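Structures follow.
Same chain, two partners: chain A is paired with chain B first, then with chain C.
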Partner chain A sequence: MSSSTREKVMKHLDAVGYLQPAVHKPQHAPYPDEIDHTMYRAYTRSAHDVGGEPDVPMAWEEKEEEQWELNTFATCECLAWRGVWNAEERRRRQNVDVGQTQYLGLPYYGRWLLTAARIMVDKQYVTLTELVNKIDEVKKRYE
Partner chain B sequence: MSKPHYDREHHAKKATGIGDPQCFKGEAGKAKFKVGDRVRIRNLPDVFYTRCQVYTRGAVGTVTELVYESPAAEDEAWDNTDKPEWFYSVVFRQKELWPEYPDLYAEDTLESEFSERWLEPA
Partner chain C sequence: MSEHKAAPMVDEVSDFEVLEMAVRELAIEKGLFSADDHRRWTEYIHTLGPLPAARLVAKAWLDPEYRKLAVKDGVKASLEVGVDWINDMPTHFGTPSDYCNLRVLEDTPKVKHVVVCTLCSCYPRPILGQSPEWYRTPNYRRRLVRWPRQVLAEFGLQLPADVEIRVADSNQKTRYIVMPVRPEGTEGWSEEQLAEIVTRDCLIGVAVPRPGVTANALRPIHPAVHPVQHDHGHDHG
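And then the complex of A and B:
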């Protein structure tokens, strides 16, 4: 394993440390009596149900879609036309199944793309082994 | 291991040439509510998936329209289309949803859609 891989691994571990939701409570593997009904519901809710949550203003950026975003949309629509998923299953997977950290942390079409790959594995159109090998093969083209 | 047998085109076969939700017309049975009914949004568990906004739970509104029949989002999200329900458009006073909403705008409203399972008579 090259040293640049180790550097990337360490950088990744640092990045993961930034992802904890900003709840000012210790939240690593709590004992059952530390989670009451309110917190249980907060943790198990649908992450896309954000209406009414307190938040701070966001900067609005006027930005065209990038090419990969357009490609991702077309790919996901093709999956629908071929019956791999319907729009509601796609929303469930890309808005809720990804979990709060990815829902808030990834770009909109980043979630679409990740979910498109996930459903191909979940429904056994490709194996995770095939997917991982393909990603590795494509990555090498850019090294 | 063998793959599960599953007709992934079942929805396309049903909806092609008709449209969705039109393809579920007549499958939800008799509607429980009518236009003008006062309804309260039920506080059902929201584990795994829902499209019923949590800020509407427990609030009282008025049915303005029976919109269409369709599987509820909670079923359709797993591609289960066996039990279509009536969908209702319900209008709320903003003040009903947000206690701190200014009295100056007491006439402001918000309208949203709910499948029948989320409604009870108010």
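And then the complex of A and C:
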């Protein structure tokens, strides 16, 4: 591994380290007898079901919309309009399947966007290779 | 062109921007939808805003028969303020996210309604436009259903203790707007005048209309790095 690659890998691992589950324990992936009914229920609730959770007051702000956010909304609606996904699977993918870390950690439309990419790959409209190549192609336009 | 902006971030393209372009271009190349579909949908979004909902409320304040209709059948009442929930969409079959049930929540001097979507961000877009970012935050969704009085106070709406607060939790099929109590000092006003004081925040329920107040409360604005370009003719400046 070249030293610059090593540096990148270490930086990545440090960043990922921040994304551990919120309940920090010395051993992740605990023994089965360490999960009682309370924790089982907490772990199996879906991440978007937040109503009533305690939280502190925050400053209410307005946010200007990014062009890519509007485009993402239109893309997701067009995928629905043309039958690529229905409302139920779309909502499940955007709100539940992403898991707690991405649900809370990504911007609102960032979550929508990842989900749009995933539905196209999962339903085999595009291969993962095509997606990766397209991302590279787009990046090169800005180099 | 952008020399007046702060340097470093401006010309940098974010990972989200790259992925957005990649996904959209691939979807079009593979024929999942057309570039024209995407353009039409974007244009449709640009036509949306809170004005039709404000007009619905103003009209209902002035016309008791229409008020009954609004409370009974919000979708039908929408037609009279120019919103057809089925045929206005570029789809011509309603919203692709599959909702067409608008409920109008009628406030009284002793009952105040406020709207949330605890599970996601359901919002009556066809009649109210795009939801504000704060409405989508887990914080608003977490707390409004449990501490509504406190949350409303944070929005500047302090309600007397004898006013009951009812929180409506939107869902996939059903979306809500609030019809606030017509405020004093608006006697003899026209529908247009009344509609002006029914702001987006009033329609969500975090504010109440007041004569002379025609905008949402002033809040800090988080600016976009590359904001939406409204390049379709009717720029409001």
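We take it that the second predicted complex is superposed on the first by the 128 of 143 C-alpha atoms of A that agree within 3 Å, B and C clash if a C-alpha of one lies under 4 Å from a C-alpha of the other, contacts with A are read in each partner's own complex, and residues count from 1 in each chain.
Heads up, the rule we're going with is that a contact is a pair of C-beta atoms (placed from the backbone, for glycine too) under 8 Å apart; a residue touches a chain by one contact, two chains touch by 3 or more.
Since the structure is predicted, the reported quantities are computational estimates derived from the model, not experimental observations.
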item	value
Fit-or-clash call for chain B and chain C when the two complexes are aligned on chain A	fit
First (chain B), second (chain C), both or neither touched by A:W68	second
Between chain B and chain C, more extensive residue contact with chain A	C
First (chain B), second (chain C), both or neither touched by A:E77	second
Touching partner for A:T44 - first (chain B), second (chain C), both, neither	first
Which of chain B and chain C A:Q124 touches, first, second, both or neither	first
First (chain B), second (chain C), both or neither touched by A:L114	second
Touching partner for A:Q27 - first (chain B), second (chain C), both, neither	neither
Partner chain(s) touched by A:T101 [first = chain B, second = chain C, both, neither]	neither
Partner chain in contact with A:P54 - chain B first, chain C second, else both or neither	second
Which superposed partner A:R91 touches (first chain B, second chain C, both, neither)	both
Smallest distance from any CA atom of chain C to any CA atom of chain B, in Å, after fitting	5
Common interface positions of chain A, toward chain B and toward chain C	49, 51-52, 81-82, 84, 86, 88, 91
Chain C residues within the chain A interface of the complex	13-14, 16-27, 30, 32-33, 37-38, 41-42, 45, 90-91, 96-99, 116, 118-121, 130, 132-134, 136-143, 145-146, 150, 154-155, 169, 172, 216, 219-229
Residue ranges of chain A in contact with chain C within the complex	48-55, 57-75, 77-82, 84, 86-88, 90-91, 94-95, 104, 107-110, 113-114, 116-117, 120, 125-126, 130-131, 134-135, 137-139, 142
Residue ranges of chain B touching chain A (in the complex, touch as defined)	3-4, 6, 8-12, 46-50, 53-55, 73, 76-79, 97-98
Of chain A, residues touching chain B in the complex	41, 44-46, 49, 51-52, 81-86, 88-89, 91-92, 96, 123-124
